[in-house]
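One structure is given below, encoded as structure tokens.
A, B, C, D and E label the chains in the order they appear, each numbered from 1.
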Amino acid sequence: MSQPLVLQAKGLVKRYGQVTALDGADFELRAGEILAVIGDNGAGKSSLIKALSGATIPDEGEILLDGQPVRFRNPMDARREGIECCYQDLAVAPAMTIAENLFLGRELRREGFLGNVLRMLDKKKMLETAVERMADLKVGIRSMTQAVETLSGGQRQCVAVARAAAFARHVVILDEPTAALGVKEGNMVLELIRRVRDKGLPVILISHNMPHVFEIADRIHVARLGKRAAVLNPKKISMSDTVAVMTGAMKPEDIPADCLA
Amino acid sequence: MSQPLVLQAKGLVKRYGQVTALDGADFELRAGEILAVIGDNGAGKSSLIKALSGATIPDEGEILLDGQPVRFRNPMDARREGIECCYQDLAVAPAMTIAENLFLGRELRREGFLGNVLRMLDKKKMLETAVERMADLKVGIRSMTQAVETLSGGQRQCVAVARAAAFARHVVILDEPTAALGVKEGNMVLELIRRVRDKGLPVILISHNMPHVFEIADRIHVARLGKRAAVLNPKKISMSDTVAVMTGAMKPEDIPADCLA
Amino acid sequence: MDTLKSKLPPIGQLGPFIALLFACVFFASTTDNFLSGQNLSLILQQVMVVGVIAIGQTLIILTAGIDLSCGMVMALGSIVMTKFAVDLGWPWPLAIAAGVAATALFGLVNGLLVTRIKLPPFIVTLGTFNIAFAITQLYSKSQTVTGLPDEMTALGNTFALGGAQVAWGSLLMVLLYLGFWWWLRDTGAGRHVYAVGNSPEATRLVGIPTEKVLLQVYVIAGVLYGVAALLAVSRTGVGDPNAGKTENLDAITAVVLGGTSLFGGRGLILGSLVGAIVIGVLNNGLTLMGVDSVYQVLITGILVILAVTVDQLSRKGGR
Amino acid sequence: MDTLKSKLPPIGQLGPFIALLFACVFFASTTDNFLSGQNLSLILQQVMVVGVIAIGQTLIILTAGIDLSCGMVMALGSIVMTKFAVDLGWPWPLAIAAGVAATALFGLVNGLLVTRIKLPPFIVTLGTFNIAFAITQLYSKSQTVTGLPDEMTALGNTFALGGAQVAWGSLLMVLLYLGFWWWLRDTGAGRHVYAVGNSPEATRLVGIPTEKVLLQVYVIAGVLYGVAALLAVSRTGVGDPNAGKTENLDAITAVVLGGTSLFGGRGLILGSLVGAIVIGVLNNGLTLMGVDSVYQVLITGILVILAVTVDQLSRKGGR
Amino acid sequence: QSQPVIGLITKTETNPFFVKMKEGAAEEAKKLGAKLLTGAGKTDGDNAGQVTAMENMIAAGAKTILITPSDSKAIIPAIKKARDKGVLVIALDSPTDPVDGTDALFATDNYKAGVLIGQYAKASLAGKPAKIVTLDLFPGHPVGAQRHNGFLQGLGLQSFDAKNNELAKPAEVACMADSFGDQAKGQTAMENCLQKAPDVNVVYTINEPAAAGAYNALKKAGKDKNVLIVSVDGGCQGIKDVGAGKIAATSQQYPLKMASMGVAAGVEYAKSGKKPSGYTDTGVTLIAAKAVAGVDSKDVKTGTDLCWGNK
């Protein structure tokens, strides 16, 4: 139960003008777990994971990776540590193809002279890999050389999710990965999350879909008003109590101790 | 049961290059009903409602409003008929404020000379109305003069939903309005949809959220591969059978007759 | 709270004003007569043509377009109005109307090409730049038109205002700015200009006739170039076929210095006025300092960059 | 299927070529010697300077930037390389290197201002346009530099190719285009240029160092302007301090005619070559037809608009 | 025998001086039955554009090129290429450097034009100390430098020689600004200079549009009576302004004459193969409404008759 902490944050604060998106938020992710993060709209979930993945720099607070303090100045720093994130607003380049988006910033080069010296891309291999990855999600996309802007909302989301899952070496962060997905595709993403976890990588999953959360999460981090309200154990607490905590109907101190995690 | 048909489409076809998004889709919306449209990602749901709301022009097929054939050449034509649509990619102007987005293209003018001759906007009234509308959705947004680009994903969606609901005089179309919403906010949108229906307006609701669909829909239109696979009666059919029809596991002809609607 | 704040421009939009202030303080301290009322009103006169052109340019840039033809269209307008008055002997109000009609027509052509055939504004207006230039040269036979009726140059006359002589044309420019500021801020049509520039697709989807909005902007800009033509005529007292070559770059510079984004949808039209004045102040101040013309070019280059740097830094945090 | 299709440019990108074809057919039928090998190779020579500048301009425009300074920086480069060779007596390879270093430095300055202080490229390069002009004038004392070593003008020499005399410089231009085409299409660095222009925020979020990509593009463009400077020197045989004033507009026109979007992220670099050639063909063909020079301006304006119209119509359906 | 083809390349499209030149050439070509091609640089000082125009004209079959070189040195290699192909090249208006770069030169001396108005200004001042404003072309333009430096030379002040492209700035010059030869910009420049040097008594302008702009500025400031404006060109409008007392004196040049001489030489070359050679000075005449002692000048009537070689 007390696995080592992989990613940890203490007292994160992020202000946007008069709005305080994060108001002293704490966070703990353990090795090999699936941690769900839930909360009302505007509770600061996206702001939290943006700080964890280097997309924004928090005004206050500290982040520890494997117990060591780290400072991510940009997403590259986080990526270098093997943290991959699928953002809520997807972060895809609409005019570029699916294959290109999948490998953006992680392009495969050819072998030998062409790749090492001329730095030529191995487009064939990238295309093949893209076909494979998207097949995993069972999403019926005809051609990987289609521009992402021609995809349906759900298809686009699959591209972003597949990218994050494919390249992570340390932590995978998914911000509402199933929001636009159909029943089948949503289940495929849950399946994918499990596979990632089984490879030993911890996953942070933000979701508003309670059945999904209860199906897959090992622990539930409840965000409320820019803070962490509680961490719950989905095996002990009921779905309705969880929603009550989330919306503030149930005070954190009223939660039975055995439901905490 | 056999209410008059408000909006009807026959044999809609829409092709994008090699991709056929709509492949002879039929559609029927009855007066005063909530019609859910479900289907896999890429099944052509968004393409269907875009054709119904004038956002795209179908290559083939016809659309009838109150039994009269209509040709929408652009969203303005549909709006003039009182059809309002909340699109999946939201259609908001990110740099403009929430209040401005709510009233975009439907601005309120001042009374008297200032409004009629100088066409001056009544910003105060628009602001007040915006506060009211957003309060309906119980979404905690501090200021209506905030730019939409500073909102969280769910807050942004609320803006788009509120707009469509506020201005419709004939038909309301919502494309995955609850996808990014939290449990509480999602329920508020369902509540809003009911209120709209109770005013007598029919609502088209696209959603991947089966519990929502079964909670609220009067009939369920199942889209599959660019066609209408079936129209189901949620009071008779089970959720799992519905998913089976949607994914193609159950053939339309195998559906028990009393489950059709 | 909402209402008070929404009446003041956000601090981020004060950048251009700060840059102007810096420039003024600098020249006030390095030259003797920069701050004299007369010199300041002179600067206002010198920028009135570019200033009015920059209004039209701002509208177009707010829709994510650009207009390279503005100066040449203005030159054509001034030739048409002066030749109609002098050669054809039309009464001056009609002659002026003819000139404005010519520039409005060019605006209409630009607008139609942009909205109907969906051509990029850069190329369309580059084309009409050439066309307007050639027509101007051919129609005027490259000859300056002189002997205008006094009424046509009346806007160049001045009236006393607290010691300084202010030209009627400068006043007109300021009034036009205030009018369009109000229009953009307080009318639906004005807000739609921002919306089209900010997100054309979203604007179309909510049912605003985006093409009509665009077309209207190009025509309004054309009319404004006609007003600028009248100002140019009243300033120099002639119809000059050689005018208008650099006004496009000057006007775009004024707009960008004023903080309006070339990507459309964001900006404040009063900023363009400030931008135009900054250009005039640099030109005037450097001449007063007695800087050699090559060095003037050098320093202008540096100061333009500095001005936007000030603007950018004053916006800090407002990512 | 995927692979075959991905090797051919989509039909929508053939627009510029079609426009070029139209222009050629038109001039071939209205003049005698337009289609002669010699005339065609002449056109290639005439566009080589703008053509090479347009490569750098394309890269910058693909990142949603714009470079107004390109021509002036080129002029500065040609003055530096010729004065170093003639006045300082440096050996020609070193002198050329010095000129290219100067233009690359300007590219670096542009890039740093754009990436570090986040200034709009339009204003930054307008500033460096002025600065480069002033430095060129001051350093050359506005005097043309003559008496160059033959090696410096060797790229202007020609070799026989199937009856026509082709300049080495034209060949270099074409090779550079092919090289950058490959680079943009087949290397990660090239794809990142598109990504930054298409969606800077998404590119940043996937962990690509967007500022480094931008900076690199501006420096590469600077180096290309140095190459263009050498081509200009070898074409005219002198170092000309008054060169470079209109190359920015010409190059941007070539890029836009070639179908690249000024909003970044979309376009084909070979289109810019075609665009540059279209400009050269219009200029050449109209002179061959004996059209009066004012009418040439008029017709150029109309034809430029027609060229993009053809492009636009050939794209139909590809909304 | 086919029609002789003659190409005329001016510095720009718009300057009335070059427009007149084109008119003169067209008239002469029509008279002599030649075909005239015209071209120009894109801006003043655009050498590359002139080179391109020359190449295109030769490709179009021109055997004679008349050119007003934007850059006297930079154009030389291109002219050499043309002459090597047997094309007759004649410089109009201003010489190339070296002068024998072209077969012949039909031109005017811009430096001398400056000297003449300088001398006129000196005589008019009659010993009063000069306080000068110069409204120049723009940085780096040789003609701008020649007229400016010639003017100062004529005034007897420190100056540079005719080959220098820098502008001299003796102490008597209170303000220098660029007018780009444009009336509106000339007016702006003069207004600014008046702020700096309110007690100016001599204004030199690069051409008559700039002079008209300067006059406007002076008049608005109520100083038009006390200031002497001198200019160069001698266009019909400029001479009118001399007559109206706006401009005190201007150095008149003769573009029509240059052009018709050039065309005639081209036709002659096509017929007989005879090339003209050497420098033909088409002359500069000082035109002033009020003659001053010690300086030779012609009156406005003569100027009007001759304006740009009308008759």
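Following the convention adopted for this analysis, contacts are C-beta pairs under 8 Å (C-beta built on N, C-alpha and C of every residue); 3 or more make two chains touch, one makes a residue touch a chain.
Nothing here was measured: the structure is a model prediction, and the numbers come from that model.
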Lowest number of touching-chain links that must be crossed from subunit A to subunit C: 2
In the contact graph of chains, the distance from subunit B to subunit D in steps is 2
Compare the CA centroid of subunit B with every other chain's and tell me the farthest one. E
Express in whole angstrom the distance between the two chain centres, defined as the mean CA positions of subunit C and subunit E. 33
Return the distance between the CA-based centres of subunit A and subunit E, expressed in whole Å. 73
At least two other chains touched by the same residue of subunit A: list those residues. 143
Can you pull out the residues of subunit C that are in contact with at least two other chains? 133, 137, 294, 297
Note the residues in subunit E that touch 2 or more other chains, in rising order. 13, 139-140
Checked against the stated definition, the touching pairs are A-B, A-D, B-C, C-D, C-E, D-E
In their complex, what parts of subunit E are in touch with subunit C? 13-16, 19, 136, 138-140, 167, 169, 175-178, 180-184, 187-189, 191-193, 195-196, 209, 212-213, 216, 220, 237, 240
For the subunit E and subunit D complex, residues of the former touching the latter: 10, 13, 22, 35, 37-40, 42-43, 45-49, 51-53, 55-57, 59-61, 70-78, 139-142, 145, 165-166
Given the complex with subunit D, which residues does subunit A contribute to the contact? 55, 74-76, 78-80, 85, 87, 90-96, 100, 104-105, 107, 109, 118-121, 123-124, 127, 143-145, 163
How about subunit D: which of its residues touch subunit A in the complex? 2-3, 5-6, 186-189, 191-192, 194-195, 198-199, 201-209, 265-266
Footprint of subunit E on subunit C - complex, ascending: 31, 33-34, 36, 38-39, 42, 45-46, 49, 133, 137, 141-144, 146, 158, 232, 235-238, 240-243, 246, 283-284, 287-288, 290, 292-294, 296-297
